[in-house]
Amino acid sequence: MSTAQQHKVGIIMGSSSDLDVMKKAADALTQFGIESEIAVVSAHRTPEAMVDYAKSAAGKGLRVIIAGAGGAAHLPGMVASLTTLPVIGVPIKSSNSIDGWDSVLSILQMPNGVPVATVALNGAKNAGILAAEIIGAFDEEVAARLSVYKEELKQKVKEMNEGLE
Amino acid sequence: MSTAQQHKVGIIMGSSSDLDVMKKAADALTQFGIESEIAVVSAHRTPEAMVDYAKSAAGKGLRVIIAGAGGAAHLPGMVASLTTLPVIGVPIKSSNSIDGWDSVLSILQMPNGVPVATVALNGAKNAGILAAEIIGAFDEEVAARLSVYKEELKQKVKEMNEGLE
Amino acid sequence: MSTAQQHKVGIIMGSSSDLDVMKKAADALTQFGIESEIAVVSAHRTPEAMVDYAKSAAGKGLRVIIAGAGGAAHLPGMVASLTTLPVIGVPIKSSNSIDGWDSVLSILQMPNGVPVATVALNGAKNAGILAAEIIGAFDEEVAARLSVYKEELKQKVKEMNEGLE
Amino acid sequence: MSTAQQHKVGIIMGSSSDLDVMKKAADALTQFGIESEIAVVSAHRTPEAMVDYAKSAAGKGLRVIIAGAGGAAHLPGMVASLTTLPVIGVPIKSSNSIDGWDSVLSILQMPNGVPVATVALNGAKNAGILAAEIIGAFDEEVAARLSVYKEELKQKVKEMNEGLE
Amino acid sequence: MSTAQQHKVGIIMGSSSDLDVMKKAADALTQFGIESEIAVVSAHRTPEAMVDYAKSAAGKGLRVIIAGAGGAAHLPGMVASLTTLPVIGVPIKSSNSIDGWDSVLSILQMPNGVPVATVALNGAKNAGILAAEIIGAFDEEVAARLSVYKEELKQKVKEMNEGLE
Amino acid sequence: MSTAQQHKVGIIMGSSSDLDVMKKAADALTQFGIESEIAVVSAHRTPEAMVDYAKSAAGKGLRVIIAGAGGAAHLPGMVASLTTLPVIGVPIKSSNSIDGWDSVLSILQMPNGVPVATVALNGAKNAGILAAEIIGAFDEEVAARLSVYKEELKQKVKEMNEGLE
Amino acid sequence: MSTAQQHKVGIIMGSSSDLDVMKKAADALTQFGIESEIAVVSAHRTPEAMVDYAKSAAGKGLRVIIAGAGGAAHLPGMVASLTTLPVIGVPIKSSNSIDGWDSVLSILQMPNGVPVATVALNGAKNAGILAAEIIGAFDEEVAARLSVYKEELKQKVKEMNEGLE
Amino acid sequence: MSTAQQHKVGIIMGSSSDLDVMKKAADALTQFGIESEIAVVSAHRTPEAMVDYAKSAAGKGLRVIIAGAGGAAHLPGMVASLTTLPVIGVPIKSSNSIDGWDSVLSILQMPNGVPVATVALNGAKNAGILAAEIIGAFDEEVAARLSVYKEELKQKVKEMNEGLE
């Protein structure tokens, strides 16, 4: 029988300076009872380590890879080229970024054959939820937690309305 | 035992004028032996039908929903708000679009809590492949076909190089 | 005989964090003697409540709906799809917005058949004035107050010039 | 008793070269039984005529003004500064436009005090529908026609789905 | 014989909040011995006063008009439509501006027949220098001061280089 | 006594491929009875010739220089750095331009001290009119012709309106 | 003694569909007597082949690598991460590109430590010339040819001017 | 025998206010044992000095010129037009810049015949490394230091991963 504990998500980023943004992906996964592992893997500084990471990801039981990067953000797309696992890309608005457009377009506009599932700028939390949805499509326990989460979102809006009065 | 035939992907679009772009998603899924169903569901012209579609999607066995839309493209995000399934958004460059920026940003920049897995402008083929990767993370048969596909991509580059000489 | 008191404007926003911006719409309406009601209605967190709000708006006597949202801002367009009332959209520059372009384009670029009357980024005050102009086209009392307001704008410029000297 | 025939909408544009785009506003109004008059009024070539047009608009019975312009598009905002009527602005993508951004921003980003209800690039049809919605908020006959129109939009999507099969 | 004192430049802006930026134009003119007068003239709040200002400018001896405005910046272009004098437009980056693009495009992209001499975002100092260059093309005294100014620019670079060592 | 014949405007462009755009500046000047001379002067291919042109311009009687260039358009700004004459810059949308943004920003965003009077993308006609306005500020004959021209613009709008009926 | 024949430049591109653009780099190098070799190397379809190409480039005598790619263009940056040779990146405006912004930003905005020498959109000819300049900095023969080439550029402008007359 | 000491790189910038950014290029070169000289050379304030600098650069033994500038950034391209040496351009995000787009496009989009090797916004460190790579292509000592540097980059990522645990 399938359980959330059987699934694991890899979270990688180009630099430890991205950790503040990217740990929100791990937090979201934890909230849905899904294990994750986090690592710094740089497309530009450790290209061979990136190749190794991507090629071994499926074999070590990862279901989804979440990759965050800023500027000319090549990590998500390169990892996607090296694995058949779904890769979620998180554009990060780094210093010297041109308003985030660079990382958004570097991740989103992948050529035919090698998709990256791109989320909003700095949207690591949503990357975690999307990974949970992917797992939830095959795991009823996770799907049920996602339904509960959606109810909580509604509940918060209800509380906001009470706060307005 | 799990087989590709057990999985089904829903493909929806705001207008039949988007069919030329979106059928590439269906073609890609067929290539990986995954069934899909295609429908016109408009966020702005048939909002109630959209709610019904999204809320019944998981129950009727869909694993992933692919939604394409142009301009102020609300279909992917609204469907994502109404289901726990992963939703892949395809920005479409329609006439009167402002260079495609409108559909890209309307789909990508979803708020925390409701992710959409966005692919490139007019990237319906990649949406199909991404759906296959999601299924392949839980179905070895599909994963194997994705590996074969990656080999074919390499082979094409090899042939291009032979053609250069 | 028609009076301003007979008219009411609905003001909605995706989150109570938008209240600081959106209450300027209510303030403007109050200035013209027009009643308004304010609520948090989220397209993505409370989609069914949004459908209910939009479908009941005309019946409960609203003349105009003002909807503010940031990022991939679907609230104004979705409400417009569900009512025949005029809907005024206020793009809000939220954190992680890509300079406000995302909310502007998500609200402005609506497809044929479902218009949203879009105002400037964070332009909630103008949304309130526009709602007053819509009511003023059918209510002489409100139109007269708008004429007074235009005189006050002139007066302020006159005072600015006196301040320069 | 109020009837649609009592209302009239003014449609203006900066040049007769904009007529192909702007007549769609007139067509939409005709569809809802609302009378319109169309004229060339240029902010930059006939500024005094523009002042006269705007100042006399309410007095001659117009309920709404629809103004279309391209490039540095000043007509909608200037007319809005000279009348208390609601003004709908239609950005037009003219030749030598910078992808339409110039007209969109020139119309949308009005300062506090002088709103323009902006619709999508080349969105004259939606401008006509928005004017009908404004009138429909005070005229049940027009509101009823708008409801019928919304049903027709749904019907077209239904036919599109039948065409897919 | 022509002297700099015979020439006068009008400096106008849409609001006294633009004064900090625009007074740099006056300072530059003073530096070249050219008289200027400064006033708040709003295209949107005082449209008739703007018409009067523009139509009387040449008659009261102005040689050049410098007009600064932010957002949907209509002042420079409208004034240009109402006078045969050269009009210099200064785009101002106001709060709620979309990064200054709105004012830049609203001023720059004027239609054929009605030019505005646009300078850089917040470039009021350069507007003053440009007005001096226009006058200097017909007044040798001003031209000579401009030559001195260009030498001073060179001198400052020389001093910077000495500071590097 | 001053007459239009006494004034001359220099028109330069980076390549003869820009001639189709730039000759409209010469045509406009001819219309106002102002002489012009046209030459290819390339900032990047003939930098020394550009320096010579700019430094000798005032001496040979030019009142204004109009410079058109595309892409990374350095000609207008460099000429402006080398003369005290007013320089009008015409951004040209060349092939491989990024939608014209490159030439617009390369010409407009000049640093303090060295202004360029920038007109709209491909706006060579307006460059010619602006040069005429500059001359007209000091030459009543040219000013009178500009007034006539403005009347003709009005007349054309009147004819457009007759054509609508 | 050093001669141009001793140097070789590698030219790579993501697909043979980029050949029409990229062969201009080879043509430019041939013009300066520099040998080049051209190959299809795809970051996303043949990532391992790309790693091999980049790591062996210096060893087989290449002095410079020119890499062209469109969309989310990762080839230049990834090759730069794997070699100490200078890498010149050519952004290519492919179909479905968002006006070329995606490839420009994906190549230009590299993080600290891994530069790419980026040239203009579709600027393969300039990439070839830049490679020649790099070699010419260490090879007088090539430098001399570059000086001749600069003279030819001047000569062409001279001929353009003769053609104007 | 060639040694790093034989090579020298010129670093120039438009103003001493750019020194904080540009000295990172000098620091990077020092790290690789390459000498550099730094100067303020302004395209717009000292155009003749710029011509002299560029024309004498090769003769005084410079191998590469690094030029940084903001806004309408003409320095890199103009220097490139006056020398056969490779020129590296550093776009600088100055105050009143339009988000850096102006300097990026002014430097990158050079016409055919006159390339500039453009690096990322404020990317002076990478400009220094790129200059080292250019020299390293002809100097084994520098190439060896670049290899060591690449190992250090990997080492830092390894340390980041240890820091995560």
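Lettered A, B, C, D, E, F, G and H in written order, each chain numbered from 1.
The working rule: a contact is a pair of C-beta atoms (placed from the backbone, for glycine too) under 8 Å apart; a residue touches a chain by one contact, two chains touch by 3 or more.
In this text, all values refer to a predicted model and were calculated from it rather than measured experimentally.
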Shared touching partners of chain B and chain F are D, G
Field rot_deg for pair chain A/chain H, CA superposition, rounded to the nearest 5 degrees, holds 90
Check: chain pair from B-C, C-D or B-D whose contacts match over half of those in A-H is B-D
In whole angstrom, the CA-centroid distance of chain A from chain E equals 50
Cα centre of chain A to Cα centre of chain G, whole Å, reads 34
Residues of chain B that touch at least two other chains are 15, 45, 71-72, 96, 98-99, 101, 104, 108-111, 113-114, 116, 120-121, 123, 150, 153
One finds touching chains in the pairs A-B, A-C, A-G, A-H, B-C, B-D, B-G, C-D, C-E, D-E, D-F, E-F, E-H, F-G, F-H, G-H
Chain F contacts chain G in the complex at 15-16, 19, 38-42, 45-46, 49, 71-72, 96, 98-99
In the complex, the residues of chain A that touch chain C are 93, 99-101, 104, 120-123, 150, 153-154, 156-157, 160-161, 163-164
Contacts from chain B onto chain C in the complex sit at residues 14-15, 43-45, 47-48, 51, 70-72, 74, 77-78, 80-82, 94, 96-98, 101-102, 105-111, 113-114, 116
The chain F residues in contact with chain E across the complex are 58, 63-64, 84-88, 104, 108-121, 123, 125-127, 129-130, 133-134, 136-138, 143, 146-147, 149-150, 153
